[in-house]
Amino acid sequence: MYRQSEIVNDPSKTSLLGDEGTDMIINVGPQHPSTHGVLHLVITLNGEAVKKVEPHLGYIHRSIEKMCESLTFRQFIYVTSKMDYLSSHMNNHCCAMCVEKGLQIEIPPRAQVIRVLMDELTRLASHQLWWGALAMDVGALTPFFLAFREREMINDIMEETCGTRLTMNYMVPGGVMADLHPNFQKRVHAFIDHFKRKIDEYDELVTDNIIFQNRTKGIGYISKEDAISYGMSGPAARGSGVQCDIRKLYPYEVYDKVQFEEVIETAGDCFARYLVRMKEMKQSISIVEQLIDNIPEGDFQAKTKAVLKLPKGEYYSRVETARGEFGVYIVSEGGTTPYRIKFRSPGFSNLSALDHMTRGQKIGDMVAIMGTLDLVIPDIDR
Amino acid sequence: MWSLQNIADSVQHWLYATFNPTIAMLIEFAIIGVLAIGLFSMLGLVLIYMERKVSAWMQLRLGPNRVGPKGVFQTMADTLKLIVKEGMTPNGADKLLFNLAPFIVMISAMVILAPLTFAKGFQIWDINIGVFFIAAISSLSVIGILMAGWASNNKYSLLGAMRSGAQIVSYELSAGLSILAIVVLSGSLKITDIIASQENGWWIFKGHVPVWIAFVIFIIAVTAETNRAPFDLAEAESELTAGFHTEYSGMKFALFFLAEYVNIFVVCALGAILFLGGWMPLHFGTGTKFNEVMDYIPSSVWFFGKTFFLIFVIMWFRWTFPRLRIDQLLNLEWKYLLPISMINLLLVTLIAILNWHF
Amino acid sequence: MSFIKNYIGDVWGAVKSLAAGMKLTGHYALHHKKEKITQQYPDNKDTLNLPERFRGEVVLIHDENNEHACTGCTACELACPNGTIKIITKFDLTPEGKKKKALDTFVYHLDLCTMCNLCIEACPTSAIKMDQTFEHSVTDRSELIKTLNKPGSKIREGVE
Amino acid sequence: MTRDELKIKITELLPLAIFEEGGEWLNVMIEPAEWLPFAQQLHDLTDLKFDYMFCLTCVDWKTHLSMLYHLTSTTFRHTIVVKSKLDRNQPEIETVSHIWRTAEFHEREVYEMFGVKFLHHPDLRLLILPEGWEGKNPMRKDFEDPVNMIKL
C-alpha cells in the first residue's frame, strides 16, 4: 500500500529519521479538526517527526468534470462554485470567460468592473477565513471570530447583490446575472472603512505574536525550484518567490487598468506564505477602492443567444483565485454541451507538495503547513 | 462575628462535647469529605461557566444564555447530559487502567485541597510541609494521564500522554523553584506560616523584582502543568483531536474535565497564597483608614477574589495565544525558565539573608 | 556580553508581543456588550430582514385573483441543471375553440434545488421568482416535492 | 519566444512533430514513444526551459485517447501544449513525474480516471477512487454506473 520508491530524497531531512522498526502510522482524517474537510492523510511518524505524508483523496469527489459533460454551457457554471466554495466567484468567472472566449463575446465594461470587484471581495473573504482557520490550527481560537466579523460583512454584501452567501452563480456568459444592488457601493465603503481599522488587530493578535512566529518561521520550507516543479501557484508559491499571479501575467477584465502589486516573499516558509496573504488583503482593498467609485454605466450583460453553442475547438482560460491558478480547459465538439472539461484546480497541485514540505517536521508543523497551503478539499477532489 | 473559622470551631466544639472523640473525629471526616466533594463539583460548575463566559466575551460572542438567567445553569445541564451518557470502553483498551485513570487524576486533584487555607483559620489540614505536599501530589496526576493515554490503545492518545508526561515533569522544576523563592523568604513550608509572614504586605509587594519574576515564572509553569493553552499539547485538538482523552466519553470524560478545572483552582490558590497573601487583606502602611476598610471584607472573599483573578489570567492566556510546539515548549522550560528561575532563586536567597525585603 | 543582551532582548520582545495580544482580547472582554457580533437567531426572527434577492426557494407568483403568468413553456425545466422542475401541461380550449397549451401542474423538487437562479433567468414571462424563506427542514422527504400552482389557479389574461 | 520561433525550435528537436493549427497556444502532436526524451529536452534546454506544468489531462475521443500536457516557462513565459495519441485498449506512456513533480499526482488521477498506464511511475496507485475499483475508468465516455448516474 505504501510507496515503493521515493522521488523526494533529501538527505538532510532523512538523517533526522529513525529506522523502519520504530515507525508509527497514523491516520489524520477524513474526520480531523485540522484537515478542514474530508482530507485523509496517512502519516508515517517517528516519534513526533513526520517521515512521510500520503494523501488519500476522494471522500468528496463528485466527478464534476463528468457531470459537466451533460450540462449546457449555461448550466455547468453553477457546479463550479461548489468546487472551491471559498472562491466561488472566481471559479464562475473563469468558466464564464472560457465560454466567452469560445463564443467571442465582448462583455460590457460595467460587467467587467463588477466581476473584478466581486473577485476581490471574494478573495478578501477567503483570506479572512484562511487567517482565522490558520490561527485555529496553531491553537489560537479567538482570531477565528475576528475574521468572521469582517467576512460576515462581505457575505452580507454578496447576499444583497448575488442572492446567496457562498455559492453565488452570479457570473454568466456575457456578464453578470443581475445589476449591482443600489446599496452596494455604500456597503462596500462601510466595509473598507471598517476593515482598514481592524486589520491592525490581525497583526497584534497573530502576526507579531512570538509563539505564532516561532510556529511558522522556518517551517515547511520549499525552494523556488521545487515550488515550480510541484506546479504550485497562488500565495503558496509566491511565498517561495515564484512570480505566478495570473492577474499580472495574463491580465483579464480590468486588471491591467488598476494599480496593484504582486506580493512576493522569498523566504519560502510558512511565515512567508502567511505574509503574502496578509499583504494580498491590503492589495485587494486597494483594488476595490480604485474601482468602487468608478463603475462605468451601461449594461451588465451582453446580449447572448438563449442556447449557447461553442464552436468546435479547445479553449483554456485561467484566473487567479484565492488559492492560486484556476484553469478551465473545454473541448467542444460544436454542441450545446462540452465534450470534455478539465478543471485545473490550485489545491490539487499545492497538495502534492505537502509531502515534500512536511518531511522531518513535527506533527504540529504539519498542521501549520496545511494551514498555510490553504487547502479546500472540494477543490482538490472536484 | 460570623466567619468560617467561628463556624468550624463551634461545630467542632459541639461534636466533641456530644460524642466521644473517636466518633466525633469520624463525623468530622465525613463532613470534610462531603464538603470537599461539594467544593469539587461546585468549582467544576462555576469554573466551566466562567471559562465559557470569558471566552465568549473575548470572542465577541454572548456565551451560554439559554438555561437559567444568563445561562448559569448551562453547566448543570451539561453535567446532567454527561451523567446519562454511556461511558464506553473501547474494545482494544486495557479495561482496568482505562477505567482507573480518570479516578487517579481526580483523586490527586482532590487531595491537594487539604492544605489550602480558604479563609482565616479555615483549613482541612495544616500540615507542616504544606507547600511540599502540594508540589508532590500535583505531580501524581501525570500518572493518570499517562495511564489514560496508554490504556486507550489509540495513537493520538498515546502521543498526547507522552507529550503531557514530558511537559509536566519538566515544568515542575521551575514551578518548584519559584515556590522555593517564597519558602526561602518566609522561612517555612507551612502554609499558615507563609500567610502569616505576609501580614505586613504581600510578597509580591515587598519582595522586589526577583519575586515578580518568580511570580511570572510560576504562572507560566502552572499553566503548563495543568495542560492549559498555550501549553495544551496533551490535548492539542487541531493536531491530536483530543489527545489523551480522545477515547473517553460520558462521566469518565467529565472527571478529566473536572480535574482540569480543580487543578487550575488549586494552582491559582497556591499562587494567591504564596505571592498575594492568601486571605490577607490589602494593606498599605500601618493603621490607616484604608486598612480598616479592607479588614471589613471577610477573609474568604479575599482568598477567592485573588484566586479567581489568577484563574481569569490563565483563561485570558488560553483565549489569546496560539499553542507552542512540543520542542519549543521544552526549549522554553530548559533554556529560558529554568536558568532564569535558578538565578532568581539565588537573588531571592541573597535578599532573604541580607533582609533586604520589607 | 552581547549574548546576554540578545537573550534579554529576546525575552523582552516576546513578552511585549504577548502583551499586545492580551491587551486586545482584554479590551474585547471588557467591552463585550458593545462589540458582540452574534445574533440571537430564533429570537430575532421578527426583525430579521433578508434582502429581496435572497434565494430561498422557487415560487410561482399568484395575484389576488389566483392567476399566474406561467404558460407552460418549460423554459425553466430546460434551464435547470438538476431536474428540479417538472412542468406538466394540459390543453385548454380557447373561446375560439382552438386548443392551447397551458400549465397543469408545476412540480418543484426542493430537495434537488441548488438555488442557482437559472430558471428565474430563463422564464420569458417572469412567472416565477425566488422567495426569501429559508427554513426548509421537514420530517419527511416527500414534503419537499411541491406543487407550485395553487389549486384552481389559471393563467392571467394577456400573457403569451 | 514567440509561437513561430517555438515552432522552428521544436522542428529542430523533433522533425516529425505535427503542429495543430488554431488554439491559443502552439499545439504539438507527438508519438508516445518520443515523449520522454522530448520532455526532458523541453525542460532542460536553456532557451526553452518549460519548467512549469500547469495542466495535465486526457481526453477520450472514443476511438483513441489523447494525453495533453500544458507547459509553460516561468522565465520566458511561453506556453506549449503537447498532445499524444494513445491506443484506447492499451494506453501506455512514459511518466514525466521525475521532470515535473506535479505530474505525479496528475498522472495518478489520469491513471484511475482514464486507465492510462504511466510506465516507470514511482507510485501508480488509486488516488481518488476507493480500493478495489481497478479496471473501470469513470471518465471514459462509455462508463456507465447504473446506481449513481442519473440521466436527466
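A, B, C and D label the chains in the order they appear, each numbered from 1.
Heads up, the rule we're going with is that contacts are C-beta pairs under 8 Å (C-beta built on N, C-alpha and C of every residue); 3 or more make two chains touch, one makes a residue touch a chain.
Because the structure is a prediction, the values reported are computed rather than measured.
By number of C-beta pairs in contact, A-D leads when B-C and A-D are compared.
The chain closest to the protein's centre is A, with centres computed as averages of CA atoms.
Inter-chain spacing, taken between the CA centroids of chain B and chain D, is 63 Å. Chain centres here are Cα averages; for chain B and chain C they lie 51 Å apart. Separation between the centroids of chain C and chain D, computed from CA atoms only, is 41 Å.
In whole angstrom, the spacing between the mean C-alpha positions of chain A and chain D is 24. Each of the following residues of chain D touches two or more other chains: 152. Shown for chain C are the residues in touch with two or more other chains, namely 18, 21, 24-25, 37. Among all residues of chain B, those that touch two or more other chains are 58-61, 319-321.
Those residues of chain C whose C-beta lies close enough to touch chain B in the complex are 11, 18, 21-22, 24-26, 28-30, 32, 35-38, 40.
Within the complex, the chain B residues that touch chain C are 54, 56-62, 65, 316-317, 319-321, 336. Looking at the complex, you find that chain D touches chain A at residues 22-25, 51-55, 57, 59-60, 68, 70, 74, 77, 97-98, 100-102, 104-106, 109, 122-123, 125, 127-130, 138-139, 151-152. Residue ranges of chain A in contact with chain C, taken from their complex: 71, 74-76, 78-79, 82, 142, 145, 148-149, 152, 159-164, 167, 169, 172, 177-178, 181, 201, 204-206, 208-211, 306. Looking at the complex, you find that chain C touches chain A at residues 13-14, 17-18, 20-21, 23-25, 37, 50-51, 53-55, 79-81, 114-118, 121-122, 130.
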